[in-house]
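Structures for review follow.
In the two complexes below, chain A is the common chain; its partner is chain B in one and chain C in the other.
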Partner chain A sequence: MSHIDIRDMSFTYTGKRMILKDINLQIEQGEWVAILGHNGSGKSTLAKTLVGLLEPAQGTVAIAGTIITPETTPAIRKQIGIVFQNPDNQFVGVTVRDDIAFGMENLCVSREEMLERIAFFAKKVGMEKYLDKEPASLSGGQKQRVAIAGILAMQTGIMIFDEATSMLDPYAREDLMKYIRQLHQEGLTIIMITHEIEEALLADRLVIMKEGKIFADGRKEELLKQPEVFAQSALVMPLALQMAMQLDDEATFGEVKAFLWESTFAK
Partner chain B sequence: MKNIVLGQYLPGQGFFYRMDPRTKIIGVIALMVAIFLLETIPQLLIALAIGVVCMLLGRLSIKRIAKGMRPLFILLIFTFFFQILFNKEGSILLQETLTISLASIGAIIALTILWRLLAKLRRFRFLLLLGYLAGVYFSLAYLAYGYTFASFVFTVYERGVEMSVFVVIRLLVIITLSTILTLTTKPTDLTQGLESLMRPLKVIGIRSDEFALIISISLRYIPTILDEANKIMAAQASRGADFLQGRLKDKIRQIISLLVPMFIIAFKRSEDLADAMETRNFIPGMKRTRISELAFGKTDILATLFIVSSLAASIVLRVL
Partner chain C sequence: MGIHFREVSFHYPQNQLTFYQAIADITLQIAKQDEFICLIGRTGSGKSTLAQHMNALLLPTEGSVEIFGSLITNKRDKKINYNLLRKHVGLVFQFPEYQLFEETVEKDIMFGPLNFHVPPEQAKQIASETIKLVGLDETYLKRNPFNLSGGEKKRVSIAGILAFDPDILVLDEPTSGLDPQGKIQMMELFKAIQAKTGKSIIIITHDMDLVYEHASRVIVLHDGSLIYDESPEVLFRRGDLEQFHLQYPNTIKVLSALRDRFGLDLDIYQKNLPDALLAIKKAVAR
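Let's look at the complex of A and B:
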């Protein structure tokens, strides 16, 4: 039995156009999966069905053996947390401490336990010096780290990042990825929703979405051997990767130059 | 727009800061009642003196409190003159015939120009206003030269002066009390205190904890939304919108062009926030624990003693 088990799932807002079509996806405990796709491919909708914000029209989504229904969502959400795109729109508390506590308050964790966990997880994301700060005085990256700490403190085994880095600057982005890698090493199941290949390639497994369907699914090493998969789903390969794939080991400087010229200016 | 300070809260130390917000809220209400029970000016002055001593003991800067009360000075001045003009009891203290004549009108115009010229000296704004009013009075009273348009009798009664002083001191004390509360209590603590005090209302179906959550989320989002408003204004200004000039109709149109995107963004935000809260297992109406805790300490016991004895003293004074 897989940790996350999606079977024949479809989703629609209107009843007519299907946003997600016949999704079958199994994710094991401790995996790091990137769900990759360009805008409108249904990847964020998929994330929302995983946390019970949207209810599938057909099929089922199960977390650790429990199928998500309106009755089971409170229990499901103890096992799965999600960090959203906009750092400002998910900061509930008036201070960092309050925000990390919010999820635990909802789970009725005792105050002593909360203070302990806040100290521990704030340190883990490097925010221990900011506990009394207000969100307006934090940067976007810091707010995202607080959001991570808040979910870690709820001790969910699965963490979803729904384009969590897309509103951050490159440094904050790199920083956040460092924390995500660390969480993966500690055994958390990580699902990363993104449209950036560079980011997705940090994961072990790639699931490429296109027009509401799973277009490709596999280990990244295998998928990288089929560049056409990326091209067909309107994803642009990073330049370095294109180069590594198209030029062989004995390429001359002239060939490299020609390649760079062509890929940069001759499009 | 960073580090916006909401309300009047001023970080500091001293016992006012250590007090439980609940003690402060109830204290302010009880002491207001006590002040309203006092009947003579000396009693009020004693209350004011006690208040000043408390502020000094609590290491509050009186200057800062006076600054916080500045917007209410207009109200004080208005009350003062209202009482003087309309209270017609007791013996006559002053009777003067005021004349609107060419000379007095000229003097008033000159005074007004002078006053507006000196308006740059914002530090002496209050003194200048008083001086201006005094000048207007004297030109009406003594400059009855030239053609006279109208004249009337201005009378000040003893009771009027007494009442105006009394009412102004009373207002001053009450405003000071509430200023101390807002100056030394964070908006969030204030909300939490109110929540805790409203908890018994659960019996009649008022959910104070949700009310407190709504208030604290609103407080949390004020800087974010102000920031957004600034961004939208900058974006529109860069395309030629002008929020400061133009006729009223144009200004209203500009404001609408600001409000529409603001509302759309706010709705989007609230939707996102609802998702974030829901996925962190927030279920409206469910029991939750709280990270912040109100603690009733030693200072609160002393403060309660003080409040109860002041209230008792004013009741005794009233009854006797």
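Let's look at the complex of A and C:
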């Protein structure tokens, strides 16, 4: 049984234009998958169907063997956390502390445990000094870190990051990536929706979406050998690999090319 | 003169006793024409706060900001038409949700022109022209902005500012959330606007590749203070950027790794892929 199992799934807002078409995707427990694709390719819509925010028009989405329906959604949400691009869409509390607590309140976590987790996860995202501040007074990147702490504190088995780093500065982004790597090592299933190929390189598997369909799906080492896949889906290859591919004279540039490939995957 | 900051500080009130200083003692000038400025700094460094002073959305706690001849201080001046300042300096927010509020994309884009007394028919015409400029087709005009994707919302919010044709454009992270091709198109659009009209453009960004390739001037904030104000060529030759939580452009990063690994005599300061490839070929030939 796959941790996430999507079968023949389609989605439409209007009944006419299909936003997602015939999606089949199985993700195993503990996998780290990056979903890439151009704006409007359906990546974020796909993420919303995984947490029952949107209901498929056809087909099914199952989490740990349970098909998502309006009845099963509350139980599903305890297993799957999602962090969105714009943190303002997920703020509810008067203080940063309240905000981090919100998700746990819905899970009926005890007060003692809750305080412990707030302290732990606020520190994890570097916001421990801001617990008494109003979310409105924070910068975009700081708000995002608070939102992430709130979802992490729910300790779900699956974490979805829906372009969650696009508002962060590069260092905050790197910090978050380190932490995601740690979550992955702890056995969580990670789904990362992103435009940033550098970010996607941290995942093991890439799923590339185009016009509502899955256009390519495979190990990153395999997909990155196929520049045409990236070109056809309006994505850009990592700069070092673009260099390696354009230095075609193997005799002269062999070592340089090998180094460029190695350094791309060394992260 | 377009915008002139004189010793500007801004405090966000925390409660009755404490405040949080977002920017401190900023002095800088922005010309009306031909500037392509990138404003950079880590999150929380004061970039967005500074930008919101450029069209008097925030009033300085101390110091003054002169905007197209109007002197803005912490006291509201009845003689100043604040609405008109926004016609001079158009500001696109980081999060498009802050400025999208109408039920259709068309109404949203028409709002600015109507606000500045453009006749409705003409405003409609402007909306259908600007939507295409930002890479969306006219079918978007009848859609509800709240059902759009993050990248589409961003484009609509930019169209909304372009529609009333401000003298200076200030864009807070205009490319975040856009896919790689969308980013390139958006930068080409800004370049084209500048080439045609000479308007100064100020972009807040974390994307150092964009800064290196496009900026003629970079303003760096750190903890609310202005630490550097210079060309990207000078800035990225500095060795201390990491201490301010700033990174180097990708070309410099990859080329410097190559130089160090093979001991090449390689000029690492290249702005794009073709130039970088040439530099590698030259260095390997030596």
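The definition used in the following text is that the second predicted complex is superposed on the first by the 245 of 267 C-alpha atoms of A that agree within 3 Å, B and C clash if a C-alpha of one lies under 4 Å from a C-alpha of the other, contacts with A are read in each partner's own complex, and residues count from 1 in each chain.
The criterion applied here is as follows: contacts are C-beta pairs under 8 Å (C-beta built on N, C-alpha and C of every residue); 3 or more make two chains touch, one makes a residue touch a chain.
In this text, all values refer to a predicted model and were calculated from it rather than measured experimentally.
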{"item": "Chain B versus chain C as contact partner of A:Ser10, first or second or both or neither", "value": "neither"}
{"item": "Which superposed partner A:Gly150 touches (first chain B, second chain C, both, neither)", "value": "first"}
{"item": "Touching partner for A:Val51 - first (chain B), second (chain C), both, neither", "value": "first"}
{"item": "Contacts of A:Ser137 with chain B and chain C, given as first, second, both or neither", "value": "both"}
{"item": "Touching partner for A:Val109 - first (chain B), second (chain C), both, neither", "value": "first"}
{"item": "First (chain B), second (chain C), both or neither touched by A:Ala234", "value": "second"}
{"item": "Partner chain in contact with A:Asn39 - chain B first, chain C second, else both or neither", "value": "second"}
{"item": "First (chain B), second (chain C), both or neither touched by A:Val94", "value": "first"}
{"item": "Partner chain(s) touched by A:Asn86 [first = chain B, second = chain C, both, neither]", "value": "both"}
{"item": "Chain B and chain C footprints on chain A, overlapping residues", "value": "86, 88-89, 137"}
{"item": "Complex interface listing, chain C residues touching chain A", "value": "12, 14, 20, 42-44, 48, 94-95, 97, 147, 149-152, 173, 176-182, 206, 208, 245-247, 250-251, 254, 257-258, 261-262, 273, 276-277, 280-281, 284"}
{"item": "Interfacial residue positions of chain A with respect to chain C in the complex", "value": "13, 37-40, 44, 85-86, 88-89, 133, 137-142, 163, 166-172, 195, 197, 234-236, 239-240, 242-243, 246-247, 252-253, 255-256, 259-260, 263"}
{"item": "List of chain B residues in touch with chain A within their complex", "value": "1-4, 188, 216-217, 219-220, 223-224, 227, 268-269, 272-273, 275-283, 286-293"}
{"item": "Of chain A, residues touching chain B in the complex", "value": "48, 51-53, 74, 77-78, 81-82, 84, 86, 88-94, 97-98, 101-111, 114-115, 118, 134-137, 147, 150-151, 154"}
